[in-house]
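Labels run A, B, C and D following the written order; every chain starts at residue 1.
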Amino acid sequence: AEDNAEYALWLGDDSLILAQRLSWWISRAPEMEEDVALGNIALDLLGHARSFLTYASKQWGKTEDELAYWREEEEFRNLRLTEQPNGGFGETIARQLYFAVYQELLYTRLVQSTDSTIAAISAKALKEVAYHVDHATQWCLRLGMGTDESARRLQHALNLMWPYVGELFQDEPLNERIAAAGIGPLPSSLREEWDQRVSAVIEESELQVPQAKAAMAHSRAGDHSEHLGYLLAEMQVLARKHPGASW
Amino acid sequence: DEGRAAFDAIIAADGRIEPRDWMPDDYRKTLIRQVSQHAHSEIIGMQPEANWISRAPSLKRKAILMAKVQDEAGHGLYLYSAAETLGASRDSMVEALIEGKAKYSSIFNYPTKQWADVGAIGWLVDGAAIMNQVPLCRASYAPYGRAMVRVCKEESFHQRQGFEILLSLANGTPAQKAMAQEAVDRFYAPALMMFGPPDDASPNSTQSMEWHIKRFSNDDLRQRFVGMIAEQVKVLGLTLPDPELRFDEDSKKWIHKELDWVEFMDVIKGNGPCNAQRLERRREAHEDGAWVREAAAAYAAKQSKKMQEIA
Amino acid sequence: AEDNAEYALWLGDDSLILAQRLSWWISRAPEMEEDVALGNIALDLLGHARSFLTYASKQWGKTEDELAYWREEEEFRNLRLTEQPNGGFGETIARQLYFAVYQELLYTRLVQSTDSTIAAISAKALKEVAYHVDHATQWCLRLGMGTDESARRLQHALNLMWPYVGELFQDEPLNERIAAAGIGPLPSSLREEWDQRVSAVIEESELQVPQAKAAMAHSRAGDHSEHLGYLLAEMQVLARKHPGASW
Amino acid sequence: DEGRAAFDAIIAADGRIEPRDWMPDDYRKTLIRQVSQHAHSEIIGMQPEANWISRAPSLKRKAILMAKVQDEAGHGLYLYSAAETLGASRDSMVEALIEGKAKYSSIFNYPTKQWADVGAIGWLVDGAAIMNQVPLCRASYAPYGRAMVRVCKEESFHQRQGFEILLSLANGTPAQKAMAQEAVDRFYAPALMMFGPPDDASPNSTQSMEWHIKRFSNDDLRQRFVGMIAEQVKVLGLTLPDPELRFDEDSKKWIHKELDWVEFMDVIKGNGPCNAQRLERRREAHEDGAWVREAAAAYAAKQSKKMQEIA
């Protein structure tokens, strides 16, 4: 059960940190329809995060908010991709494409998890994630085939986010135990299908699949990029000024 | 003048005007102005609350706040659509906003300085908005009325959420309760001013009431509102920053303190604490997003050309 | 002495917050020479801030760091201009022009303060501020008369920062007492010369002096814009994680 | 071949080559590569430390850190100037850096995850840099040597400051001491690798030593460095993450643990934790600043034209 909780924490942290990033766009998107669309995606992710963190927190006799607001940077388990800065709209879309396809493949497998809570959360989330994939795909096509400038910008963004893709498929010792127990897939087992699907979108968008190698990363052990500290300072500042308060 | 006769008859019967119907130019202009201002208020109104999304103190509150601010974008979209049925283009309306030529509710030019402000905005600002908007669901211009029905449904939900935020704070730690009181103190007078100048200083209202766009005078609405919050504040266990506030049995009216209409006009004119910031944020989002909108338009054009070639 | 300390706090907070803003540019400036130049200005301002805050803190039996790291947002006394976001280089230069000229006029008067500490700090700072004015002036000329794009950008930036100028010259009750005691000038008494000097730079740069009215502001009473909270969350996060620690 | 004879004579006499002197193409190329890499390292090296300026935990530390990072910009400028005396343009060097075609010290591709890292960088990274650079003050190419004299003076100051940061932490609260130890643990091996591959795997070193650019081999310098920090770490009351570390009396050498040269090469090739981030930040600053540099150039051209017209 410790493993299940830790695994749920990983899943929850990915969605929480990405939701925190995406929510910045609400009131700043390139069109008002996108304030709504990116807001929806952020809300969906925050919903997944809350479900997973609530599940994890019970194991440790805590609450979702204790996990979100009172852990230190090195206790967070989210992947580096999710903590990358929003950059411009192109960077956000590139990050969305990579992450949403990953999450869809992952949740598709988790629906069959031997952990019935994880299976149930994933089943509910899967419908939402299908929309996230579609949203990112449509924007890739529009930007890739829109204007020369938009193609150039999206290509740059795809390249920029690529070094953080490798980590999505990195098998950790916990993953081995999770896979052995039938709770979830080995990350590496998702790579091939991810490559096919993402390459197909990028190629249909008339852009190049990036070639860069993966950046060294070990986020599941709490080893983060320089970006996460700033994100957490902002996210946690108010809650930490009022220890023990209810909201 | 068959058109005018039909229009007058519909108004007289308290019926609804549809976009295809004839309508007087002034009616159209008044509506375009009002509906677009209303849309702008929704869009600019996202900013003060969005200011607390990243720092919301619990995940539940964060989710509720994100949904709320996102709803406001949706309201803006319905309202721009309603204005478009009157022949105004969204681009021209957005441009007027960014260039500082259009108005929006002056309350959004005050900063949200602390978390409790999100509660105060929900309770007082959305509360005042609903008071204004419920009668607009019956506005003579049908698309506006229909948009308001959707908007009001969500707004009343938002108001309840704002009230709940304040209630939690008021029942929380001393620091939380002080924060709630301080927010109510700051937003009380600006919220009362949301109904606009006193009736004797509001020359356009009469025509709008004759056209059945407006149904109640500014002061009438303000009366109802202040009566409502005077009751609700007791439930919160907070106070309103208005020692003069009382119900006068003789006139059957609420007496409240004098409002600072000089400040109100000054904020309307662009000199509030955040006017420049709000417009700059909107301008920046619009300008930074230009390449994205251009790409989407170019892609759509290419796709439709491709479709035609296939056909 | 309470008045002297409070006044020193105002002066210190202005420089501290602007130094915090400016220091962001170190490693991000448009040319490496500007990494050095903006870094110098930020360092100078931080130096002034430390002197004034140390002086203020003694009155209250505190340290400069207790004032910088352990006050809440509403306890900060800096002017709104100093907390405005950096924006691009144009916005930073516009803010510098407005603030540096103000500070030079102010320190010139403070050199004659009846408070010998304030007089001494100002005398030392004045030489540095003369360089800040020159730096901003030179960049106004270059950007104003450089290219069409740079002129457009700087004009926008000058307009954007203008609403926060009014507050620099707003007389508060404390200012009346400070002036009566010969400690410092009434802010309003600096306005005319400021207008002349800033207008001269803007006009020489072939740009228009902005016309907008002042935004309502009352920063000396702790009433800040929405920007300050984010700045403080970041500035204070580490110190607050280690209460009582020495560094 | 008078030129070559003169060059050889100067080198043989351990003299100095000036920019106007004849020099072999390979000597010039080697120096351009080395000096520009060194300049790039200063410029990229600003980022990991700048990461803590806004969050420095005391105003004194903030001031010291700002001054340090700013010094690094200054070092970059001297070094680009030195490289320019060899005929390389700063624009082309900067472009090569941004396009990922130029190298810089691989240590800067590791993140600064916490405040103590600033101390560890000062103590270990600047310490290793000084060990490398002091002999370069006597490099045969005179402008490089002169630049290094200025750089070394400031670097030794920086190293002392880094040591002081760690000393304060090591004598601070348990959390501070743990932070200091953790930073030393992370930066120890990358700092040892700053001297480059072992001598038997460093083919270019011999030529550089013959030209009196380099004075000591990679392993020699690494030896001195590890000996120095093995002593200093005792003053800190911390440990080095190397249980094998000892001075071998027989060989008169320090024995340290095996270093991970596979990781080293991987980071050099661009796959370290922060390579992409470091280059993107530099690219972004360069691109965002393009309009400023263009304006400055246009203004300078206009001014010089005006001067000519007056003359």
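By our rule, contacts are C-beta pairs under 8 Å (C-beta built on N, C-alpha and C of every residue); 3 or more make two chains touch, one makes a residue touch a chain.
Worth saying up front: this structure is predicted, and the values here are computed from it rather than measured.
Chemist: What whole-Å value do you get for the distance between subunit A and subunit D if each is reduced to the mean of its CA atoms?
Modeler: Averaging C-alpha atoms per chain gives centres 36 Å apart.
Chemist: Averaging over Cα atoms per chain, report the distance between subunit A and subunit C in Å.
Modeler: 40
Chemist: Taking the mean of the C-alpha atoms as each chain's centre, how many Å separate subunit B from subunit D?
Modeler: From the centre of subunit B to the centre of subunit D is 57 Å.
Chemist: Touching at least two other chains at once: which residues of subunit D meet that condition?
Modeler: 55 - these are the residues of subunit D that touch more than one other chain.
Chemist: Touching two or more other chains, which residues of subunit C qualify?
Modeler: In subunit C, the residues touching two or more other chains are 229, 233-234, 237.
Chemist: Which category does the touching pattern between chains fall into here: line, ring, star, complete, or other?
Modeler: The chain contacts form none of line, ring, star or complete graph.
Chemist: Under the stated touch criterion, can you name all the chain pairs that qualify?
Modeler: After working through each pair, the chains in contact turn out to be A-B, A-C, A-D, B-C, C-D.
Chemist: Using the touch definition up top, name the residues of subunit B that touch subunit C in the complex.
Modeler: The contact residues of subunit B facing subunit C are 48, 51, 55, 111-113, 263, 266-267, 269-277, 280.
Chemist: Which residues of subunit D touch subunit C in the complex?
Modeler: Checking each residue of subunit D against subunit C gives 43, 46-47, 50, 53-63, 66-67, 69-70, 73-74, 76-77, 80, 115, 165, 168-169, 172-173, 175-176, 281, 284-285, 288-300, 302.
Chemist: Which residues of subunit A touch subunit B in the complex?
Modeler: 16, 20, 23-24, 26-36, 39-40, 42-43, 46-47, 49-50, 53, 64-65, 68-69, 88-89, 141-143, 145-147, 149-150, 153, 234-235, 237-239, 242, 244-247
Chemist: Given the complex with subunit B, which residues does subunit C contribute to the contact?
Modeler: 73-74, 160, 163, 212-217, 223-226, 229, 233
Chemist: Once bound in the complex, which stretches of subunit A touch subunit C?
Modeler: 229-230, 233-234, 237, 240
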